[in-house]
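This structure is in structure tokens; I'll ask about it shortly.
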Amino acid sequence: MKKDSTNLRVRLPALIFALEVLIVVLYAFFVTYDDHSNALLQNNMTNPKENAVYQDYPFFADIQVMIFIGFGCLLSFFRHYGFGGMVFNFLTATFSIQWAILVQGFFHFYYDGKIHLGVINLINAEFACAVVLISFGAVLGKTSPVQLLIMALLEVPIFGVAEWIVVMYLKINDAGGSILIHLFACYFGLGVTYMLYRPDLNNGHPKEITSYNSDMLSVLGTLFLWVFWPSFNCALTPSGDDQHRAILHTFIGLSASTLTAFALSAMLSKNGKYNMADVQNVTLAGGVTVGASVDMMISPVAAYVLGMLGGMACMLGYKYLSPFLARRLHVQDQCGIHNLHGLTGLISSLAAICAILLASEETYGPSLYQTFSFRAPIVGDPRLEELQKLIPGLEGGLGRTAQEQALYQVAALGSTIAIAIVGGVLTGFVLKLPYLASPNDVSCFDDEPYFNIPPDQTYIVENEKDISLQQIQQPAFS
Amino acid sequence: MKKDSTNLRVRLPALIFALEVLIVVLYAFFVTYDDHSNALLQNNMTNPKENAVYQDYPFFADIQVMIFIGFGCLLSFFRHYGFGGMVFNFLTATFSIQWAILVQGFFHFYYDGKIHLGVINLINAEFACAVVLISFGAVLGKTSPVQLLIMALLEVPIFGVAEWIVVMYLKINDAGGSILIHLFACYFGLGVTYMLYRPDLNNGHPKEITSYNSDMLSVLGTLFLWVFWPSFNCALTPSGDDQHRAILHTFIGLSASTLTAFALSAMLSKNGKYNMADVQNVTLAGGVTVGASVDMMISPVAAYVLGMLGGMACMLGYKYLSPFLARRLHVQDQCGIHNLHGLTGLISSLAAICAILLASEETYGPSLYQTFSFRAPIVGDPRLEELQKLIPGLEGGLGRTAQEQALYQVAALGSTIAIAIVGGVLTGFVLKLPYLASPNDVSCFDDEPYFNIPPDQTYIVENEKDISLQQIQQPAFS
Amino acid sequence: MKKDSTNLRVRLPALIFALEVLIVVLYAFFVTYDDHSNALLQNNMTNPKENAVYQDYPFFADIQVMIFIGFGCLLSFFRHYGFGGMVFNFLTATFSIQWAILVQGFFHFYYDGKIHLGVINLINAEFACAVVLISFGAVLGKTSPVQLLIMALLEVPIFGVAEWIVVMYLKINDAGGSILIHLFACYFGLGVTYMLYRPDLNNGHPKEITSYNSDMLSVLGTLFLWVFWPSFNCALTPSGDDQHRAILHTFIGLSASTLTAFALSAMLSKNGKYNMADVQNVTLAGGVTVGASVDMMISPVAAYVLGMLGGMACMLGYKYLSPFLARRLHVQDQCGIHNLHGLTGLISSLAAICAILLASEETYGPSLYQTFSFRAPIVGDPRLEELQKLIPGLEGGLGRTAQEQALYQVAALGSTIAIAIVGGVLTGFVLKLPYLASPNDVSCFDDEPYFNIPPDQTYIVENEKDISLQQIQQPAFS
């Protein structure tokens, strides 16, 4: 029994087929086309060229590249766990998106007894998938595919609840998802890894190393995320100048965190040389820090400064906070998601609150009530009609003041983190159940339990036993 | 002589320059710009922003990524034939597209004595190129670049004839090309490999192995194909809701085949571990099975079920059918294209026939005659004018019934496969001619005959002779 | 001191933080949003769907892939300098774009005391960045990141001056940037490498080799550049048929140079086998040779012939000219940029001059004055009003004849090359200053001075000393 504890032959197919039956049943009973994908609803009033697919599909495709190729390569940095990083990312992402289509469908796209499906649902589902993959980073190399699927199975609906509360009730500004996506994903992942604490791994693991090729591939993943991040941050922003600013700010923020990462990596490393882990992770921090205010008129320089702050916080987090969390709080955050998504998400939330408090008609003109749609006058208020003459199509809002909006942002921040931590801990508890093919400590960070390995890798492992152990036991993130 | 039988120095340049002279002559005499790329035809009635390039180029670019990067990486899975896989794919694809521009140009874009060229021609040529690259998969590692170019030289016009018959006379529904592209390519490739049968390779070849890095790169290729497959399946679909559905169905189908592939790979492998070959291939099956009905109102659940069926058929094909074909029918299908493109193409054809028989105005409304354009009333029928009030721009059709359309689908299926097999066998016969730099059995699956290899690869080969032969002789697809 | 001469701990962070302070100050005082990204300027006359971001962002994203992933992979071909190639490309590109936003901002987007920022500025900055990265190719492996940043710091403004002269005063046709981007970048880079001449490296360096994986990755970079090059060549072309032709010509030109490269590589190599360096570089030559005339009505066959000429010139350059330049003129052009960007840029310039002299209303119709906007009648000329009836929105030009335009092209060619050489030599002089962490001869082409290397690479280096030196001393480009 023990020998076969990671054998997937029965457990994994049983779980996947059960999930597929569930998906098929839900699709059959509840999913139909939305107004833009239903042939029956096209008539002489609809212009095929104005179908929503042309607005949504390019962003969808860019985010697909980020999820399957960007994350897939980035998570392949372990020398003996490249298959695991890339392939489990593929499996987990595929399931997460399908599952999120259904879960978010019931929360947001359900009417007339059906979930209505279009490419816009897929974009939303990709965001939920990004949440799962970020959390995956905390437990990379220490979980079986069975555990990962169960994590996704639980995380997507818990995220759905948080999203529902934030989007339906609190109604906040968070175009790039720094609060709802990055902070949720981070604290959920930390909750899971806290429950899966493995004390013996605090002293390093001989397979917790990279190889020359795995490091290259991982940087390639970083570059794909870097290049397409503006699409991620602007996909759900109102079209026009808001989306334009989201692209500019994301690009500037990423550039600033990249330059900062290169400066600090050389400065803080023992020998004045770059650590590839810094290049792979810290460079991306600016994409998160600009997220919550990415569509606002924060000014280009603010985007630059947010990127720098993100790079600094993330770098210092890797250097000082992560080891502390692992040893003292029993939170073993494998990829350092608390640095790349947690600290940066907090900075972004605070920046958005400042930007909200400073926003005025002087800077935005009447567009203020478009970017901050909840500050628009309520339907019936004569002020709304005046504004609609200036901005046709402006919708009625909640008539909130800047201060009120800022308080709602704080409430969203708190409730998101709270739901994430509780959800993560509960999920971690479930993942500790037996029969989930969890690897033992020795088998961590290793493809061998789950993959047929090509002979060259076996050969290399056999022949390298003479490398000094000291050298090999250097942790990947140092 | 025999020693130099794979030397490319004279043969390959002679062939390429001859082909280039042919291309230049044909371009010079027959190719001009189409209405959207000709400056002379722009006037105060044309709006530059409505140029067809803006509709076509994004899909063209996505398919370029699939062809050059997706296929290129996917075909690099052999440990000692990575250069061959990626570079011969580059060469073959480049020539095939140029050749298809000319061949398809004469069939479909020829008027006023000229082939008229725009990005739309390039998309069509990419589809012809995909046909050649799929067939290439059957003979990967067993053919020289001279043979590959000659295969493309013959396959493109034979495909052009099949396409001409199907598109001009039979007039079928096959938006994703499951019949015309996947089935043609598959049976053509099987015809070629049948003629190039190498009996000694049925017992496995010591170089028929992967390496850790080649497997990673190949999965990366799979991911590029996976991500951009919706663009492939919708590029030639009518714009609007049809294209929207094509994207949704392709994504759902691929997701279903991916989950199914992961379940079956673990279930059917000897030790409950994943085979990377399954991850690289079976995951993609759903993109083919939804193809022929991809733009129809089949419902999302049908797309999911088609994806599952594709994953199952493809997986069982790799496991049981491919070895049978190789040993009994002398069809050595190197990449298993019969599983990924043949079985799935047949499923897709049958599904499309069902969808056609079930299609009614109840489900589609008057759009029925847009999706199934051959069922639209003929010009002159008063029913057409009525419909044109509901769907402006609807063109006259052939007034076919659903049953008639279904019969034409069957006719297209049969004639495509027949032309493909005959064309493939004839092409295989030509490829057996001498002086085509074909590798002998020992030199198969090896870059060495065609590339200057970097010293590290030579070193590895020299030093690995002590690995047990048993280990190394495991075939890549087991 | 000497032992630490490449240590980055103080030098690099000091330089980067100084540059970041400079960027922040300039952003704070001088950069604001442009008309399409400023919320204040949106009103009931602006249609969000017609925001410039939707025209510019897709091209921006494609060029991002070329710069960060295409160049990054292509420059990683050295076996021991893969980190350097990919990571220093990342660092240099990130800084160059930020710096170019500011420098070009003052030259081209400055009014009302502010630089106005939109995605269009980013596209322009990417072109300036491409200039720096091409020049980087001349000194790859022989420069520290400190030197590379200083090179970018100097090259971007010098390029800005050249661009300002050419765009503001000479006003030439050069849609794909063959003159302004490729020739400038090439001769600037040659100027730099001339000053950094290292006599001992003319006999080859033991680390001037590739590995199997580095060659694969480099081809992958080539493929990304190949696939997205049409976006590069058409991004700044007028929209409509001009952009359509730019895409067609670039694709055809690249196809022709690729086929030619495959023919010549096999023909000219010692043993009739492909050199991977040829596949990585010569295939791309057609993208440059069509550049200067890429939007003109040159006819598809001319694009094909230009691609062939580019492939030939580039290939012969690598074979015969590069060794001559290194030994006789002390110009050590590491990646052979003179072949891929210099010779091809000259061919492209001459082709454009021919195309300009041949251009007539017979071929272009009134669009002639759109493609060749400087030949349009000046404002006030009654001929302009007539033309504006045929082509609404045609702007007044300079009333140049074809011959005059051709002379301006020659003037631009000469002044661009002159500024590039002088600027490159001066920059090279600055890069020879001490304390810039320059590697000594032995440390060239090696990641070790700048990166913490994973143990597997160290292990390989240790264990390969028994490979014959003769084998290892083969230069990468032979």
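Order as written gives the chain letters A, B and C; numbering starts at 1 within each chain.
In this text, a contact is a pair of C-beta atoms (placed from the backbone, for glycine too) under 8 Å apart; a residue touches a chain by one contact, two chains touch by 3 or more.
Keep in mind that this is a model prediction, so the values were computed, not measured.
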Revision key, fill the gap. Listing by label each chain that touches chain B and chain C gives A
Check your understanding: Roughly how big is the turn, in degrees to the nearest 5, that lines up chain A with chain C by CA atoms?
Key -> 120
Study note, to complete from the structure: Rounded to the nearest Å, the gap between Cα centres of chain A and chain B is 34
Point to revise | For chain B, residues contacting two or more additional chains | key: 58, 213
**Study point:** Residues on chain A engaged by chain C in the complex (per definition of touch)
**Key:** 58, 62, 79, 209-216, 219-220, 223-224, 226-228, 230-231, 238-245, 247-248, 251-252, 255-256, 258-260, 262-264, 266-267, 269, 271-276, 279, 283, 297, 299-301, 304-305, 308, 363-368, 370-371, 389-392, 460, 464, 467, 471-472, 474
Revision key, fill the gap. Chain B residues touching chain C in their complex are 4, 7-10, 12-13, 16-17, 19-20, 23-24, 27-28, 31-33, 36-44, 46-49, 51-53, 57-58, 60-61, 64-65, 68-69, 72-73, 76, 82-83, 86-87, 90-91, 94-95, 97-98, 117-119, 122, 145, 213, 217, 449-459
